[in-house]
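Here come two complexes built around subunit A, the first alongside subunit B, the second alongside subunit C.
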Partner chain A sequence: MSLEERELEVLIGPQHPASGHMRLVAKIDGDIVVELRPNIGYVHRSVEKLAEVKKYLQIIPLVERPSLADTTANNLAYVMAVEKLLGIEPPPRAQYLRTLLAEINRIHSHFYGMGIHGVMIGSSTAYMWCFGDREPLIELAQELTGARLTYSYIVPGGVRRDLPQGFEDKVERVMRYLENRMPDYFDIYFNNPVTRARLEGVGVLTKEDAIKLGVTGPNLRASGVPYDVRKAEPYAAYPELDFDVITEEAGDAFARVMVRVREIQESIKIIRQVLKNIPDGPILDEKYMKMIPPNLRKQVEETGHIKFPGVFANLRVPAGEAVARVEGGRGEVVFHIISDGKMSPYRMRMVTPSFRNVILFEHLTKGARVADIPAIYGSLDYFPPEADR
Partner chain B sequence: MKFEELKSQIEERMKDLGAEISGKEPNVVDVKVSREKIVEAAKRLKEMGFDHVKAVTAIDYPNERFEVVYVSSSYSNLELAYFIVNLRTELPYDDPKMPSLLEVWPSVLYQEHEEHDLMGIVFEGHPRMGERLLLPESYEGIPPLRKEFKVKTEGINA
Partner chain C sequence: MAVERTIRHIKALATGAKYMLGGHRLTLMYPDDIQEFPDGYRGMIEYDWDTCIKCGLCAMVCPADAMKMYVSKEESEEGKRPVRRPGINYTRCIFCGFCVDICPTNSLKFTKVHDVAFYTFEEQIYPPEKFREGIPKPQYDKEPRKVRAVLDEKRGIRYEPVE
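Let's look at the complex of A and B:
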């Protein structure tokens, strides 16, 4: 029998047990993958086109929606691009608050990714635990922003709300809980021989390939490339904070998970520093603060909740071009905005980490076993709506 | 490395390609070349250490021109990682074709494919031209990211 006749085409998805919808078209020989092509676009919501008919402020919720578990990164990167065009810098306190939310979000985004990965390789315990332990972080974010996932917290010139009363203590309680909890994960999941057998040496991405394919986030760092936007082009409060860029050398599925686990520990470190060092002061750029009517401004100062000045609804952004990047939980988010000075962008390019990483499906599965497809898929923390946008 | 230093290094390297170099402090350099020279320009940027592309943006200026921008930077050289080089070229409106940069930067595989799918730019040499990426396979009509494609609104203002 010729090789050609032995090949079988298997369609995985678009309905499948992972998170979000995409289809994998695999050509297999026995249980070895000869070629695999991701078929994406099932959850495309044309964010780039819609941005051209929406006003600048309306685009914030729009760019957040695709990345359900990692919305702060999109919110922040978009607003940073707009701020570059407006030529404004948010006040220091707002920079710290942005960092605080970004790190809370990074931790629960990593739990989300690890949980989905867990259930994909058959560990429902990892799934339940990750989704359970994600909850305290989501509650913190909710108290800070008023929403569980889609925060829309970061606005041009600052943030929407100041720290709630007693927030520091609650954060510290959650951080201590996480620190005590993480060893359990090693005992029952990461050091479990079944987990190790499913992940170690599976889906190996070399350093050269990681660079060449332009992949991003923990998937890049697990192959030994110490690139992190927070260090490469520091933004928000990161220049003033002490933290390490986590890398692993193995480049396999296990290394990718380990990068996420160790990044959670770094995020805890960052969050503590933020709350210790956060400067006093306004949370919105002075220029916009002045535009809030006097009686409302008094209310804003008392409650720490920003009431949008009317100018925000029709925010005009000067003509020009800006690129902004942010290190989200899943990787680098890039916004490239071309403005012609009107109330909507002339063109907005939004590149999410999942879209950058989708190339790995075809690269890492070549020659892998069919049973390893979920182990590889999950290790990428790939989220179809985020890739499709 | 300083911004001016990098800018003049790029200028030096791109001189014979007729490239227009401009920049935005503190870290963005724009390199504009003709489509005939873009592959060579990309090769030279890659030799300098700009090893991957973060975004490919195609912009539609109706009945005038298309502009394609490759937002590139470096992973292997962390000093360069701070900088972003936008390699850009303009295409005539009635002939939106240019050579694919896939040979130089494999990271553009999906990005060029998307701009082909949604903006109708043809990247010659890209193996997936004519295939759909995000749109359904049965889609026919104006590429949706073009300005002549109007978004239909629903609701009270429709």
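Let's look at the complex of A and C:
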């Protein structure tokens, strides 16, 4: 063996290099990354193909599974596409409830991303704090939907449950808690010189590249592109709500974290508006409400828990195509459904934000140091199962 | 710049010390403490044998093939034609609650139990006769304290004992 200089190939993963099952194939020259290629597909679960043999309602839990932290976005986007084919529009109260859950989910999804990022760069404190502070939000979502993460809350024509009693108070308490705690987050983590040293100027994505590569979500907005599906193509109750699209100019890992922090603050604003302006009324489309037997309809009004009409078991959707998109916590979620009038879709295409952001691994790590790989990885809030589907 | 950095270091350490001494804890001390879940929690499912009309909607809507219609032996022999009743397989159940929501006679109900351990795979399959007997009672070495999550402005989440 000679002592000539040569590149070294390092395999990181797929057994959890930090978070998520994916192998990164890195070519390094000393401490500098020459090339880093993500080896995706390790947790591919063929969601799209499975959807072709499942009935329309059964696909709801299926599309939720790939994204652990961000289930509402997938649930909502899928149901919106189905509703377009069915030609129904959910009642206003249901729209507000969808928005409420989507925003609660966005906050805890951002906490999840920041927590994982924290532990990747060695700050266990940030990890513990973020995961701890997800808990009140998960508790809220659990009270609303009955489950911690996989809510399956949004169904064609509306939502499954109305607001529980005293829910507004609880939400307000949690929102105040988050606001109280935010300054401490800055003191212990975001403004910590160690964090700044690890993240500032690392993995810079320019505005032009961000657009050219088709990046989405907070990663795009951190490069100064004010693009948000909630504004670009408003859905649910967003047209009636007042909020800003958060952008940062720097485009580095720190800017990506800052976008998430500021979006949490923006989501708090949205949740308050939702609870203030939520209209009264039914939470399921009239057409389906009528199909529920009369004695059960009374029960639904009393408990606020929807009973499904029998047609939901074998929901038939008229032939056609529909596309729906939603701004999830990690970025834009797109569903394209082609129906041939049978009980299952002919084809379902699911485009997740992580799938679109995975290209950044190769782009951002070129010339970076090996120790910066986790700092960049975490800042992208990339989630392998979501990208692999 | 160096001064600024030093101040920030001190702030971070001070915040850490504040929380260390402040007793800010979010942990649920499971299994010594067990959380009482809110109403409507989607746990294991109870089955009412008498009100069930055997329509099969629960089996039809189940996204995981956990709920299935089984031939109920005694009834089938009595009536001399196959009678089918729902049974559930907890190795497959994903607790989406679709079966409960679609049941037209409220014969299926949520319970708040979700943490049950089984010795074998087969024990987790509940054919109708076993399904009607209800869910297994969770067993504890030491009787746990029941707590409820209280959302709090200062602490985020507190677990308070319930009577």
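FYI, the second predicted complex is superposed on the first by the 383 of 389 C-alpha atoms of A that agree within 3 Å, B and C clash if a C-alpha of one lies under 4 Å from a C-alpha of the other, contacts with A are read in each partner's own complex, and residues count from 1 in each chain.
Here is the rule we go by: a residue touches a chain if its C-beta (ideal position, glycine included) is under 8 Å from a C-beta of that chain, and two chains touch if they have at least 3 such contacts.
Only a predicted model underlies this, so the values are computations on that prediction, with no experimental measurement involved.
Asks: Which partner does A:46 contact after superposing on A: first (subunit B), second (subunit C), both, neither?
Replies: It touches subunit B, and subunit C stays clear.
Asks: Touch test for A:313: subunit B only (first), subunit C only (second), both, or neither?
Replies: In the superposed model, A:313 contacts subunit C only, not subunit B.
Asks: Look at A:243 in the shared chain and tell me whether it touches subunit B only, subunit C only, both, or neither; answer first, second, both or neither.
Replies: neither
Asks: In the superposed model, does subunit B or subunit C contact more residues of subunit A?
Replies: C
Asks: For A:184 in the superposed arrangement: first (subunit B), second (subunit C), both or neither?
Replies: Second partner only.
Asks: After superposition on the shared chain, which partner residues are touched by A:160: those of subunit B (first), subunit C (second), both, or neither?
Replies: Touch partner of A:160: subunit C, not subunit B.
Asks: Which part of subunit C faces subunit A closely enough to touch in the complex?
Replies: It is residues 5, 8-9, 11-12, 14-16, 18-19, 26, 37-42, 55, 57, 60-64, 94-98, 101-104, 106, 110, 149, 151-157 of subunit C that touch subunit A.
Asks: Would you pull the subunit A residues touching subunit B in the complex into a rising list?
Replies: 40-41, 44, 46, 48-50, 52-53, 210-214, 220, 225-227, 231-233, 321, 323, 325, 332, 334, 336, 338, 346-347, 349, 351, 355-356, 358-359, 388
Asks: If you look only at subunit A, which of its residues touch subunit C in the complex?
Replies: Subunit A residues touching subunit C: 54-55, 57-62, 125, 132-133, 135-136, 139-140, 142-143, 146-147, 150, 152, 160-161, 164, 170, 173-174, 176-177, 180-181, 184, 187-189, 191-193, 293, 296, 299, 305-308, 310, 312-314.
Asks: With touch defined as at the start, can you tell me which subunit B residues reach subunit A in the complex?
Replies: By the definition above, subunit B touches subunit A via 24, 27-28, 51-55, 57, 59-60, 69, 71, 75-76, 78, 81-82, 84, 86, 105-111, 114, 118, 132-136, 144-145, 149, 151, 153.
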